[in-house]
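What follows is a pair of complexes built around subunit A, which joins subunit B in one and subunit C in the other.
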Partner chain A sequence: MRHVFSVRIGPVGFRVGSTWRTPIEQLEALYANYPRPEVPDFSVRLFPARPWRQFIRPSVTIGGDFMLPDALPLPLAQGLLAAEMGMNLQMALGQRRYLLLHASVVERDGKALLMSGISGAGKSTLSALLSARGWRFMGDEFALIDPETGLLHAFPRLVSLKNAAIDVVTNALPDARFGPLLAGTPKGDIRHLVPDASAVAAMDTPVPPALLLFPSYGFEADERLVPLSEVFVRLTQASTNYVALGERGFDALARLVKTVPARAIDYPDTDSAVKQIEKLWAAL
Partner chain B sequence: MAEPLFRMARAEALRIVHLDSFVAVFHRSSGLTHLLAAPAPEIMATLGEAGLTRVALAEKLVADFDLEDLDDAALAERLDELVACGLVAAA
Partner chain C sequence: MGGVVSDGWLLARVLRTPGNALGLDAAGWTALIAIARAEQIIGTLASRLDGLKLPGDVARILDDARASAAQGQVAALWEVEMARRALAPLGEAVVLLKGSAFAAAGLRAGEGRSIGDLDILVPRARIDAVEAALLAAGWEWVKPNPYDDAYYRQWMHELPPLIHRDRDRMIDVHHTILPLTARITPDAVSLLASSVAVGPGVRMLAPNDVIVHAAAHLFADGDLAGGMRNLWDVHCLVDQFGTTGLDQRAAHHGLAKEVARSLRLAAALYGDGAKLTPGDHVYLRRLTARDSWGRPTRQVTRLGFYVRSHWLRMPPSMLAKHLWTKWRAKPD
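Here is the complex of A and B:
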């Protein structure tokens, strides 16, 4: 393809090809501190659905090694989002080396905190806010668990902030770097936060998981123990490749569920959530 | 005709992890994960790999778990379900 960008995020290398220059320039700027992969694991292609759509109302089709046949193209102004979605799609559909859980991950004292929940639960926001308080950001989308070791590998891609979370995190991290505001996407307004330099510098250091949280936003502050069977079911649902990994996935998940304490927390606002999380962490 | 024997699937075909009141079972032959609640794990453990007839299974469950009585129809249904998903084999 005419414009090409390669990046290694944690243990995974991507090659993104694009018909247009703009999404590639944005990726180069936002991923400037990241290494390049020797050999990419996955390819993403951004291209027009019809030749004339390169120029007339340009719209970006997301392709790659793995594709969703009915994915709708995005306007060129959201080309960066298309690239990020393309990279996520390759992971969700193609990753076999690690057990993937839809969760954000931060690290402190050499141990990882996983936060898993539905879209809107605050996974990305909380991971970004904790990174402003001395935690190492390891990822806001996928937790990568090595079935051999049980360790969590960082996948610190750009943090995808949506709608109200954009202002919350911009205020908490005034010196951080952000991508352009992508207004009116299928998920509302989106702005990407660049993980800080320490997150990228330490991304090749895996850590053991120490706490599993299932946050829910919009309720009075509360917490409860989650029974192991519920944790097991929630995490099979939160995994994109549990079935594909077969027995390795079962063993990795069972080990995680049996060895790592799990709590569900309700929180009314992010300040409260951060306090609840720090308290739970201190009590480990 | 002899009563059919029911056997737990071979131990090497299963991965069994006790969670809480549920037991997670990975069935290697199908690649499926089953989350079992009582009495399914107890039925499997009682059958063992040697196997029992339905009548002998009912008697052993009553004896091992101090049951006052046992609903034969319900036990037959549970057994059929375990056979259908491959965790128990009928011979």
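Here is the complex of A and C:
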């Protein structure tokens, strides 16, 4: 591939090859403070579906070691998003070392808080806002649980902020670095936030999980205990590789569910959510 | 072994002599892993390299590949058991083909091998009963298209693929090993009669027939997709069982040429080499057509083999009608 970029995010190395220069330049700028892998775990490829689509209405197909047969190409202006989606895809389809949960993770006092929920629940936004208040950002897409130790490994890739969350986080983190605004993507407007230096510096330090939250946005502030059975089922649905890991996946998930308290919280706005979360954390 | 040649030969040389891998630099390892993933043989590679002193990242990646293959075999053998239970009331043993047979029998060819669908062989006379039993046990049709369905039933060597509604796993029920439209007609009755038991109610083809099947699939049917893995199977089977009686058996099925070619190509890739024909070199060119990103290369050669696969599969007038129907049914 003509243009190549490599990066190690937490314990996982990627190489991204691209027909075009632009997405690689953007990755180089945004991941400037990250280490490079020796031999990457996964390869991602960005290429035109047909040769002429390199130049005429350039459109980026996402490929790699693991591919979805019907992935829709993105316009070149959204090439950075294509690269990020490509890396996520390798994890979702190819990761076999860690149990993956679709969740954001932040750390305080050597313990991790996991937030899992549907798209729009505020996982990314809340993890970014908490990082502005002294929590260590560990990831906004996947929680990586090591079945051998039960510890959470950080996977602090760029934080993917969508639509209204973009302004909320830009206001909360005025000094942070952001990627370009990607307007009109399949998921609406997207802007990437670069995790702060402490998130990258500490990314090789795994921590035990201490609290599991299922946030829901757009309701009166409320919280409830979630029964173990419901936690288990929710997390099997939130995992991309639970089935593929077989018994190791079951053991890792059962251990998490049995040892970590879980709460569902409803919140009307992010200020309220941050207060609710820090109150729950203090009461642990 | 620097990073000079990065095509399927890189993978072949390491599978043949695992120690060759120790001279690889980071770029060489990266290419090797990408090519092995693309050829769906990374689990085999991982088990071949097990025990060698590997660079840290590589050791971790291959450990994961080995664990993943092991879990894949657990799931594949469970599918075998599910099929066995579904067919037991009919008095039919499950005769396994390909990967799940190697895993069930604990063969060298099965070490680290990835296993996709469950492929079984049943007597043609029992195919309706087998189909009914599988449908009753929760398998469902994958292809709702009436043309495809009718095509499979009239002309193919297998039922249209079925998928299990709970476990999301496919089963291919074969009644012979080549499409009915092909010019060669293997002796399916004898394949079943010579099959060997690998467990209660579970059988597989005799070793010579397994090689014949691999050769039939590669050289008399398909477009050589997955060929590196299929020839690794052949290499391991020859290594483990020898070739006594293989020529006669291949001739009996009408596949002498194909079997001879598969032995030569397996030896060229993974063994001590063989005296190759000019045609063999074209096959090897196709089989090893990957770049350091695992991408398919040599598009003209690939297209040639794709066209050839259809040519072998059916007579020209039928091919024209088939391609016309397929083209008209294209969504865009």
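Just so we're on the same page, the second predicted complex is superposed on the first by the 284 of 284 C-alpha atoms of A that agree within 3 Å, B and C clash if a C-alpha of one lies under 4 Å from a C-alpha of the other, contacts with A are read in each partner's own complex, and residues count from 1 in each chain.
In this section, a residue touches a chain if its C-beta (ideal position, glycine included) is under 8 Å from a C-beta of that chain, and two chains touch if they have at least 3 such contacts.
Worth saying up front: this structure is predicted, and the values here are computed from it rather than measured.
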Combined model on subunit A: subunit C and subunit B, fit or clash: fit
Which of subunit B and subunit C A:Asn171 touches, first, second, both or neither: neither
First (subunit B), second (subunit C), both or neither touched by A:Val39: second
Vertex subunit A, arms to subunit B and subunit C (CA centres, degrees, nearest 10): 60
Touching partner for A:Gly13 - first (subunit B), second (subunit C), both, neither: second
Which superposed partner A:Arg96 touches (first subunit B, second subunit C, both, neither): second
Residues of subunit A touched, compared between subunit B and subunit C (which is higher): C
First (subunit B), second (subunit C), both or neither touched by A:Phe250: first
Superposed arrangement (fit on chain A Cα atoms) - minimum subunit B/subunit C Cα distance in Å: 5
Intersection of subunit A interface sets (partners subunit B, subunit C): 246
Footprint of subunit A on subunit C - complex, ascending: 26, 29-30, 33-34, 37-38, 55-58, 60-61, 63-65, 67-68, 71, 74-75, 293-295
Contact set on subunit B toward subunit A in their complex: 15, 17, 19-22, 24, 26, 28, 31, 33, 35
Subunit C contact footprint on subunit A (complex, rising order): 1, 13, 15, 17, 37-41, 43, 45, 65-66, 96-97, 244-246, 248
Complex contact set, residues of subunit A against subunit B: 227-229, 232-233, 236, 243, 246-247, 250-251, 254, 257-258
